[in-house]
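Structure incoming, see below.
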Amino acid sequence: MRPSGRKPHELRKVSFERGFSKHAEGSCLVRFGDTHVMCLATVEEKVPPWLKGAGKGWVTAEYGMLPRATGDRMRREAAQGKQSGRTQEIQRLIGRSLRAVVDLVGLGEKQITLDCDVIQADGGTRTAAITGSWIALYDALKWMEAREMFAKNPLRDHVAAISCGIHNGEVVADLDYDEDSSAETDANFVMTGKGGIVEIQGTAEGEPFSQERFLELLSLAQKGIGELVELQKKAIA
Amino acid sequence: MRPSGRKPHELRKVSFERGFSKHAEGSCLVRFGDTHVMCLATVEEKVPPWLKGAGKGWVTAEYGMLPRATGDRMRREAAQGKQSGRTQEIQRLIGRSLRAVVDLVGLGEKQITLDCDVIQADGGTRTAAITGSWIALYDALKWMEAREMFAKNPLRDHVAAISCGIHNGEVVADLDYDEDSSAETDANFVMTGKGGIVEIQGTAEGEPFSQERFLELLSLAQKGIGELVELQKKAIA
Amino acid sequence: MRPSGRKPHELRKVSFERGFSKHAEGSCLVRFGDTHVMCLATVEEKVPPWLKGAGKGWVTAEYGMLPRATGDRMRREAAQGKQSGRTQEIQRLIGRSLRAVVDLVGLGEKQITLDCDVIQADGGTRTAAITGSWIALYDALKWMEAREMFAKNPLRDHVAAISCGIHNGEVVADLDYDEDSSAETDANFVMTGKGGIVEIQGTAEGEPFSQERFLELLSLAQKGIGELVELQKKAIA
Amino acid sequence: MRPSGRKPHELRKVSFERGFSKHAEGSCLVRFGDTHVMCLATVEEKVPPWLKGAGKGWVTAEYGMLPRATGDRMRREAAQGKQSGRTQEIQRLIGRSLRAVVDLVGLGEKQITLDCDVIQADGGTRTAAITGSWIALYDALKWMEAREMFAKNPLRDHVAAISCGIHNGEVVADLDYDEDSSAETDANFVMTGKGGIVEIQGTAEGEPFSQERFLELLSLAQKGIGELVELQKKAIA
Amino acid sequence: MRPSGRKPHELRKVSFERGFSKHAEGSCLVRFGDTHVMCLATVEEKVPPWLKGAGKGWVTAEYGMLPRATGDRMRREAAQGKQSGRTQEIQRLIGRSLRAVVDLVGLGEKQITLDCDVIQADGGTRTAAITGSWIALYDALKWMEAREMFAKNPLRDHVAAISCGIHNGEVVADLDYDEDSSAETDANFVMTGKGGIVEIQGTAEGEPFSQERFLELLSLAQKGIGELVELQKKAIA
Amino acid sequence: MRPSGRKPHELRKVSFERGFSKHAEGSCLVRFGDTHVMCLATVEEKVPPWLKGAGKGWVTAEYGMLPRATGDRMRREAAQGKQSGRTQEIQRLIGRSLRAVVDLVGLGEKQITLDCDVIQADGGTRTAAITGSWIALYDALKWMEAREMFAKNPLRDHVAAISCGIHNGEVVADLDYDEDSSAETDANFVMTGKGGIVEIQGTAEGEPFSQERFLELLSLAQKGIGELVELQKKAIA
């Protein structure tokens, strides 16, 4: 039995609130249960220095957690003067995940930055951030399309993410904080709408796990991501 | 005529959304028109090092702006490795303002930190942050009261803030970004429920201003803060 | 009775020592009693990046306190790796104050930087810095005038600053450290030679103050700044 | 055909040079072909602050690349004033991998730090670092055993790592830089001597990959890590 | 002929202004011609962490240059967020030089910090700083003696410093900026009142120099330091 | 008697391992007994900003110590976010020493960076780094010569370095850590193949030393550097 009473494959209630920002070219407040992440897409007519003149664009992400997004207050990274290793790891993952479904040459020499800020955390902030950022990215690209900033919309597919893990010996999907902090194994999966795998990150927190166990996690992830993609489709309908 | 069509003394629509955070001891999402600030109060059983053993508590604040809270995306302060002078100035102001209405000895050796994060900016983020933080502080102190963490609730009064300025030669209250960026003079006032002045910060952006003009600003501020305090009272009723 | 034996409106002994630096285009060692600040003006043929091509110049300031300017030694900001919030607040104030009396378009695409370094502190370092920087700025502009670096000297007026406060229930001018550290209210005023107000920053350290009290402070400041401007006039005569 | 002429499953020449450091409690210079990493284990009688009094020890890692370990010189992280996101990601991975095979309670309140410094890079620095660090850790624990610093050696198993990827459409093991920089998919696997999975990190650099492809990578990794563990066994024999 | 018209062995006009700081336990404004350095000694009842319980004290120094101490304005180190390599080298040298004439055991568990801030630079700031710091140190130790903070004054000798160099092929003493910036060889010497050598730092800026030349520099330094020590003696008389 | 049993003038066993890096244009692993330093030379077609257009090149150095190069583990400078004063002092010394034997105009607008990383420290890391860097520099210039990157090889002479000191009252050469940490006086000498002096840095750790003693150190240094230059000649033969 899961602490939340959910069935092993059952996701938390997921919702997408589009366009909540007056300024951003795309925005989405995504909720995976009590995990709430604001995803804002910014379109800029520039690319990183190392990409200048390469005839292609860039999609990148920055991630942050508000100091009291968690049960105990964490130090503010801006006050501390640096981003933690965890923060950097997550923002690199979000950026890679979104680039996997964008034709960067088709985008042209522009940059889209996804700012993912966690308002409230209850496990799975990175998977929510990826899933919600896709919506913000979709809206930003639509905004660009309306301004004829490219010949053809460079978005190639959906992308969504879920964490699956082994908790109390059972394989479960979309772990909340209670489960996450006591899981034996925790794996994050990022997949496209067509079911292609973009990222797999599995970590044995306690005992190493077997290939069989891992395939169960992967199977659960495929099912869960399928549901998330359906929800994305409804949200942009 | 003001860009927004408001009358000189007319505030923007102000709202307080209490208790939106599952974790914080007090929380308030305050809206002054399109300026939206999340204010979260954290109660901790500790005081800053320089106050140890002094038999009193502390109230402090941290302020941040999400990178795309504004029309153009700003660099993330955590990525930049430091907080700007403006950020530090504002968070020091918020802390002082709230301490003015708390009996720190009565609070005992505890610290309350107000995290004010601007989700969307349209002028007046610091005044909204102070006004909304009072609500979060109120709730945090009620939370402490329920746990008998002090003999008597140390909150002594309301505190609220407003910006007034001279725009197109006219004295106006609660400037939005359009007005703020072209105002000749911009002044922030922080006052208590009883009308005491806690902070005054007036700056001539262009021409120096006269004492008469300043008194008009002060008078407008008194009226506006009176309204804000009424709205705070309704919000906690 | 004030700790120093001064009358309520009485300033400390103020002196300006011009041209003490062999290198700077303008320099002034200002003394407000035991508060000693070196103000050096540097003229450079450049403007900040965000002002390039705007056809106007810039006046800015940096502030620092030598580690042993105070009773106890403070950590050196360069060793600590960052400027405190207080330092940044003060240097922003000095810059704004001086810009209020300079015609930036008339200055042309040049930058004048005022370096204000406190050698010895006894309260009122920021007001002394503003008042002394005006002298250094005056001399730097004269230096430029002699080199025909502009058509018309862009200095429009004097600017000077004073702190006034409520100490032991009495309204007093030009607080020294003893008064400052126990004042109920502390306000800094920056005004021009013609009496226009450039900046007002009033803070209730203890009890909020009333409008009446504030007007008394303002009145004292007007008188004191009038005296400072007279002293500036004598210094440059 | 692989650029190096190797067969798909064929590892580069792997060697371990133990005890090359006069100071460290354990040390190993590991070579995966032209990738050379120094792994030094330091034993200290302390634990991180958050583990004090918890009755268990800690194993952690730091990773660095010498500026000219690569074809072009990179900026020195110490001169730049911060570690890159990539560096932090890798050192966190090394630490987690080694902790998976150590009984931290059995270790007692001690900390073992693995310093992994890349002298020369040719792809796979993190997998070489993990594999070589195990040797350094083994020697450091033997050193502690000789000093009776615990009742029972807390090392529970071998741990080793390999990268596998899809290059030119073919599944290959132990990618060198040439392959790595043009691989469609790159995955790092960390496994124990008994074949348990500790970490899986798979990333689609270009096209998303299928579950079938991923299982081929996993299978190749199992074989390769089996070989690495055999080589570790020989090295400590 | 030297640019200043001085004879080869001739020092610039040297003066010591003692006790100019109201707060510091010892203070000296030293002038070597147009090089002006403020040296302030702070006595604290603490020692660095690594010296705790060792039964001895510490003497250390910090060095800084005001941004416009030089012909062109340099960036403020506090604003830049770090001290340059040059700054660190000099402050380490000052500290070592003074420790050479203090009996640290006799000092007891106290720390004396010398803050050397260059107001105006014209070559030889480090040698002026050492020579002037000795005066500030002397006064701080007298201050301690008056308070019976040790059994016997731990100051064992004078210490002073001078730069000598080869300029236009000629060996000259106490180089000013004009000479320093075009010298072939520049050497700094620190010696005690009894003529013992504490530090020698010689650098060939252009051609390597011979042992003979070096001995000429050393001889000139001995003479010059002898004069500086006499001047110190007069200053404290 | 020296702790190592060496005669006063006797160097430790010195060896140079050339070309150990696959990437660097020149490389040398230098060993002075148990002090092992990797020196890698990087050739780049650029010069520092302040040298642009000056028609000459630059030779510079960076120095680092691996955290466990020493008996106790030191904090990693990259993790700490800054280089220590000692590190900066040493890397500036290495750069100056090598520039003394290179014709920078003849080098043309190129930069050669020497990365000196200490793998294992046992005293004398800076002298080993200078002596080994010369080999790496030699090889890098040969590499450039083979590519006709200049008209004439700009290397003018050998350069090597040694530390000499007074230990137990005796003048000894090439101090190891045991001697270094208890030496009364420690001096580093950098000289060319022709015997010209490039740098002298002598420090009295305890008692000041006399001119006679210093000349003995210098004499020992001349002999030792002569031997080092012979070893360099053999190494490049």
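Points worth noting:
Should a chain be cited, it is by its letter among A, B, C, D, E and F, assigned in written order, with residues numbered from 1 in that chain.
Basically, contacts are C-beta pairs under 8 Å (C-beta built on N, C-alpha and C of every residue); 3 or more make two chains touch, one makes a residue touch a chain.
Predicted model only: the values in this text are computed from it and were never measured.
Note on connectivity: the fewest steps through touching chains from chain B to chain F is 3.
Chains that touch both chain B and chain E: C. Mean C-alpha position of chain D lies 50 Å from that of chain E.
Rounded to whole angstrom, the centroid-to-centroid distance between chain C and chain D, based on C-alpha atoms, equals 59 Å.
The set of chain A residues touching two or more other chains comprises 81-83. Read around the ring of contacts, with chain A first and chain D next, the chains fall in the order A, D, F, E, C, B.
The part of chain D that touches chain A in the complex is made up of residues 82, 84-86, 88-89, 91-92, 96, 100, 187, 191-192, 194-204, 207-211, 214, 218, 222. By the touch criterion given at the top, residues 21-24, 34, 38, 40, 42, 44, 62, 64, 66-71, 73, 76-83, 87, 113, 115, 117, 119-120, 122 of chain A touch chain B in their complex.
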